[in-house]
Amino acid sequence: MGYDRPIRLGMVGGGNDAFIGGVHRIAARIDGRFNLVAGALSSTPEKAQASGAALGLDPARTYDDFKAMAIREARLKDGIEAVAIVTPNHVHYAAAREFLKRGIHVICDKPLTSTMADAKKLVKAAEDSDALFVLTHNYTGYPMMRQARQMVADGVLGNIRVVQVEYAQDWLTQHEEFKQAEWRTDPARSGAGGSTGDIGTHAFNLAAFVTGLELESLSADLQAFVSGRQLDDNAHVMLRYEGGARGMLWCSQVAPGNENGLRLRVYGDKGGIEWAQENPNQLWFTPYGEPKQLLTRGGKGAMDVAERVTRIPAGHPEGYLEGFATIYREAADAITAHRNGTAVSEDVLYPTIEDGLKGMQFVDACVRSSKRDGAWVKLG
Amino acid sequence: MGYDRPIRLGMVGGGNDAFIGGVHRIAARIDGRFNLVAGALSSTPEKAQASGAALGLDPARTYDDFKAMAIREARLKDGIEAVAIVTPNHVHYAAAREFLKRGIHVICDKPLTSTMADAKKLVKAAEDSDALFVLTHNYTGYPMMRQARQMVADGVLGNIRVVQVEYAQDWLTQHEEFKQAEWRTDPARSGAGGSTGDIGTHAFNLAAFVTGLELESLSADLQAFVSGRQLDDNAHVMLRYEGGARGMLWCSQVAPGNENGLRLRVYGDKGGIEWAQENPNQLWFTPYGEPKQLLTRGGKGAMDVAERVTRIPAGHPEGYLEGFATIYREAADAITAHRNGTAVSEDVLYPTIEDGLKGMQFVDACVRSSKRDGAWVKLG
Amino acid sequence: MGYDRPIRLGMVGGGNDAFIGGVHRIAARIDGRFNLVAGALSSTPEKAQASGAALGLDPARTYDDFKAMAIREARLKDGIEAVAIVTPNHVHYAAAREFLKRGIHVICDKPLTSTMADAKKLVKAAEDSDALFVLTHNYTGYPMMRQARQMVADGVLGNIRVVQVEYAQDWLTQHEEFKQAEWRTDPARSGAGGSTGDIGTHAFNLAAFVTGLELESLSADLQAFVSGRQLDDNAHVMLRYEGGARGMLWCSQVAPGNENGLRLRVYGDKGGIEWAQENPNQLWFTPYGEPKQLLTRGGKGAMDVAERVTRIPAGHPEGYLEGFATIYREAADAITAHRNGTAVSEDVLYPTIEDGLKGMQFVDACVRSSKRDGAWVKLG
Amino acid sequence: MGYDRPIRLGMVGGGNDAFIGGVHRIAARIDGRFNLVAGALSSTPEKAQASGAALGLDPARTYDDFKAMAIREARLKDGIEAVAIVTPNHVHYAAAREFLKRGIHVICDKPLTSTMADAKKLVKAAEDSDALFVLTHNYTGYPMMRQARQMVADGVLGNIRVVQVEYAQDWLTQHEEFKQAEWRTDPARSGAGGSTGDIGTHAFNLAAFVTGLELESLSADLQAFVSGRQLDDNAHVMLRYEGGARGMLWCSQVAPGNENGLRLRVYGDKGGIEWAQENPNQLWFTPYGEPKQLLTRGGKGAMDVAERVTRIPAGHPEGYLEGFATIYREAADAITAHRNGTAVSEDVLYPTIEDGLKGMQFVDACVRSSKRDGAWVKLG
């Protein structure tokens, strides 16, 4: 295996006390494929500088705003080749646009944007750019989700009939008190969806990733249980996929006892699978008429597509950060191929701007359906 | 504690190879409160006789049809005091009526009947009778479900917001081949609901039992995935309860790997509970802001209402038959009180004909909503 | 299947507040193969009478002492055919002898007796009697333990190398306060072993039942952690089986959080099994080099020997009482064959007096080894 | 929080296809506290060069042997400040010595060495050096193990009575076929212990880390089940701790179905804890007389000592690499303090050379005891 020089990475957002910025930085480091060399880490100048210093960034490459960063880095001989955008949702579009137009690859947190209008403009901006756009639906990086996808594609489950997907948390059960919650429950910064946007998009994306099914329509019942909350904190959604499969999606941020309960179950006429993110190294496989099998990451029964994104042996648990890092590693493979002018392997999988647009359409459809008392609506 | 003579019991249905008849007989025996002394065990005379003989019944009290049994037993000095009706659904009404009109208590399997019309007539018949009517929604007999109900009633979970209930099986994944499946997928014998009637009613009933909530309306999407099947084998239902709680109900008989997956989760603004029938001795309790607790039947934290229906210590698992037997024991308490002319304790809980009617209304509403493309419909 | 008249059963011990007496009564009732018709339920006459009345026994057959009961019942035309002995251990021998000598079958709780001397005399008494002797090592009644035994016998696991068995409880963690604890920690009534006798014998027996291996020698380290306690409440034992397999056995009654934690793991050169009593319907099967399989009672992969002792379908959990009832049902088969002068099927399995003697030898060896600082000692 | 320049790191061993070298490299990267700048990655020159190139190391700092590396790097102005030693065990001493004598900090894989003689010499070498010595008993880096240790220290479990620790794997069940197995079953390279050295030392260390107890003596029964194997592949050990606690330790590499089954249970007179490495984010806490609690990394009930080594929120699983990285981060804190001439915080915890020596003594004692038929022997 040859060696490719690490990719020079910048970051927008992710200042000192932001959760997801730290996650992106660790994910970028795990496989040694990126070097963080520049940042516009906060829209508050003092905080931007302090955050850059804490990370050991060159002060000359610690910027107060993302546009200045895009302009200058694009001119530097050793400027950044890629940027991670980890701001609140409403900033995604404006930030991504500046980098895309200058040929800098974008790795962007989900959901894609805060409005459908922004989403469409961002799709256009990405189409007009030679740069890559990677959306961090990180749960698709888990080895057992890669395996599940392949099992479905190989027909191991037969024709898919039923999809049960849920994503339950409890951190918004009562009145929010801290920064994380603040922007996520503010329509201006978060967008039209609350739990649907923040976690429902993950659930929707993961179900699509694994099953390969396109959603035909959905019927949604959204709630904001906490008094005064403007965005949904719980959502019940019925799904109809093209080809006849049906599903249910539940997302909630008011379900006490659920820390990060993303769970996927898929059933076909030949078998089923069950997976839960909180113990991601296991995948139940239930072939119809045979005993249940517990497949493990790196263990017996693990397929090539899972092994490809597995770092350490079975029984040595990989977690959230490794799954996230796999998205970064896939992005690195694609960016490196782009740099080298070579084709990227078909094995490389990462969520694209199209996935991001579908996620936005999912949120939009949930909101529209719920307003129409659960009428079945199509995406887009 | 004094001793009350066991109740003389008859049985309608439950011939040699029927599953649920054997379950009722064991349930009736476990606490020694019933003696099975008569039966009309099959509508086929030879099978009725053979089945009676295999159970050691007096041939003189082994009947070929339930009406003859009702007539004669009502006249015997030591005739049956109660009858268990364990036939296919479409026979429930006609059989129950004969016993109710003669003052013989009825213990009837669910769902109540095969048609709404029969259900209403049976409610009338029960109202006109002095005899008791007990419906075997057996899952309400589990100690941890008694505890969950009490915890909700005591406000431990706060205001209930979200109910997630599901009942998944896999035995109808492919074309049915055996008798159990045969009548259950035949509208004439089973009724308008397939999985909704057979297991959805259990799920609906259990959620109501635990939460004490009344359903306001539902939106359903029913499927018959197996080609040629006339009744639903999978159903997705969204629920709106009076008072603002919302829920989802999934029932399926085509989900490979699910043996008898009845699972209930209830979330309020102060905490949640989670329970799964396949390991019924455990109840997760998740008070908001505190560590999760695993409550166990008979263990620390078990409440009086659970202990009352617990036979053996913690760690010595009780199962399905014990839960079922608890319904029989509750029935025995009520019947004995009726015999003695005394009041039955308020602690005694068993599903009634009203619960049965609600179950029928639930199935009816699911079918109506699904035909109207998921429109929200009210029960009844 | 023909019908055999239920066996007339008596009981010694098991008065009002005894745990294990109630268990035996339910176990005897579940399959309808026994009728309890006589009892010497307590050594205290008033309690014996009250307990008999509470069970609805004929006062004429409610005895104040077991010897009177044995003498009179043996003379009655419809006297008891079998007796369940559920007293504290030190009474087992004297009681069993009286019934065995009169040809009345004995179903006796474990351990066999309180002393080795009594055990040997009881073996002699059983040999001299035409009556059967059944020891209620009830855990051998669980379907998945039947299956595990058969899998080992069939060579599915290959040559057995390692046995890990443990039985952990917590009810004696602090100073005992109630009757159950009282006699169990008194050497005069319980015997030389505390936890080793009460639960270690179960663990030892179950390992032998499943593996078919004979113990060659053991090395034990016994402790009495609670101040003033005369008998072991925790024991660590290393095992050497004939043929080269090795094992470890841990039993404890001072391990907080363990309710009734009997757990067995067996590993051979081709595969392993894992089972835990608290969820007895599951058996892990781990063929070397293949994915783990979760076998379920009544489910796919269940073998005939398991199905034979299974009452209800997969996913409908059977528990402790059903496993116990299986020992009673096996006893009923054997007693009925004895009554009819026919041979009992080879499928019928129940623990015998030889198993009881081995259990006594196990306790004796543990005590001897521990006194000799863990020297390896042989049984017997 | 200020920023400290990353530590310049070298590596000895860890060439292309070595498992543990890759683990160390990721662990060193996760928190960005080290930069790998030099390596003697293999004792085969071609492989050393190829491995260095694959990692992007400067060819001038890719060495063919560790001594040359130690000599040159010590002279470089920007030479390595620390070295990770990840060779087979028999090389640990010679390699570590060269770096320690030149003031380069050592981060060494376990067990400490392959012989007791080497271990003692290495202790001397470390004492004579100003450099730090860190042993990667990585399991002590898991947040829930930090919490467990603190709970014991705080007396939450009361007086510790019983320790049950086990480490089961299955990869040596049959004849070894690949490199990993090769040196680990060769006494010349691995040392006197097989499974005891490779994984038993981890189990022993973790039990000591959590309980704070010193081992007084042990009694061991070691086996080599695979024909021709020279080192133990399964070991049963009874433990006596100072102060009266007792324990059992099982380690095995021939237990099919066990991937990396390190499991610890500790019981005191007030409560217990249970933890399993394969799902390390959970810790059962069982206060005596109260419901069981499931504590989670980052969740409610997590203590400061756990939060300190937690990177991401509850429900976002951290795994093996993060636990390993915590040892590296602790080492970085200590090395940075050393560089800055400041005191290291008391919160910083990492396994030391003394822990390594105890591990060697543990293996030695196991071998001695087993040869003497399980006699109780003291460590050291």
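Going in written order, the chains are labelled A, B, C and D, and every chain counts its residues from 1.
What we mean here is this: a contact is a pair of C-beta atoms (placed from the backbone, for glycine too) under 8 Å apart; a residue touches a chain by one contact, two chains touch by 3 or more.
None of the values given here were measured: they were computed from a predicted structure.
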(Q) Contact counts by the stated rule: is the higher one at B-D or A-D? (A) A-D
(Q) Measuring between Cα centroids, which chain is at the maximum distance from subunit C? (A) A
Q: Just give me the whole-number Å value for how far the CA centre of subunit C lies from that of subunit D.
A: 43
Q) What whole-Å value do you get for the distance between subunit B and subunit D if each is reduced to the mean of its CA atoms? A) 55
Q) Cα centroid separation between subunit A and subunit D, in whole Å? A) 34
Q: Spell out, as numbers or ranges, the residues of subunit B touching 2 or more other chains.
A: 258, 292, 296, 299
**Q.** subunit A to subunit B touching residues, read off their complex
**A.** 161-162, 164, 166, 170, 173-174, 219, 221, 223, 225, 234, 236, 238, 240, 246-248, 250, 252, 254-258, 265, 267-272, 274, 284, 286-288, 292, 373-374, 376
Q | Touching residues on subunit A, where the partner in the complex is subunit D | A | 1-3, 5-6, 19, 22-23, 25-26, 29-32, 53-56, 169, 258-261, 277-281, 296, 298-299, 311-322
Q) Quick one: in the complex, what on subunit C touches subunit A? A) 285, 289-296, 299-301
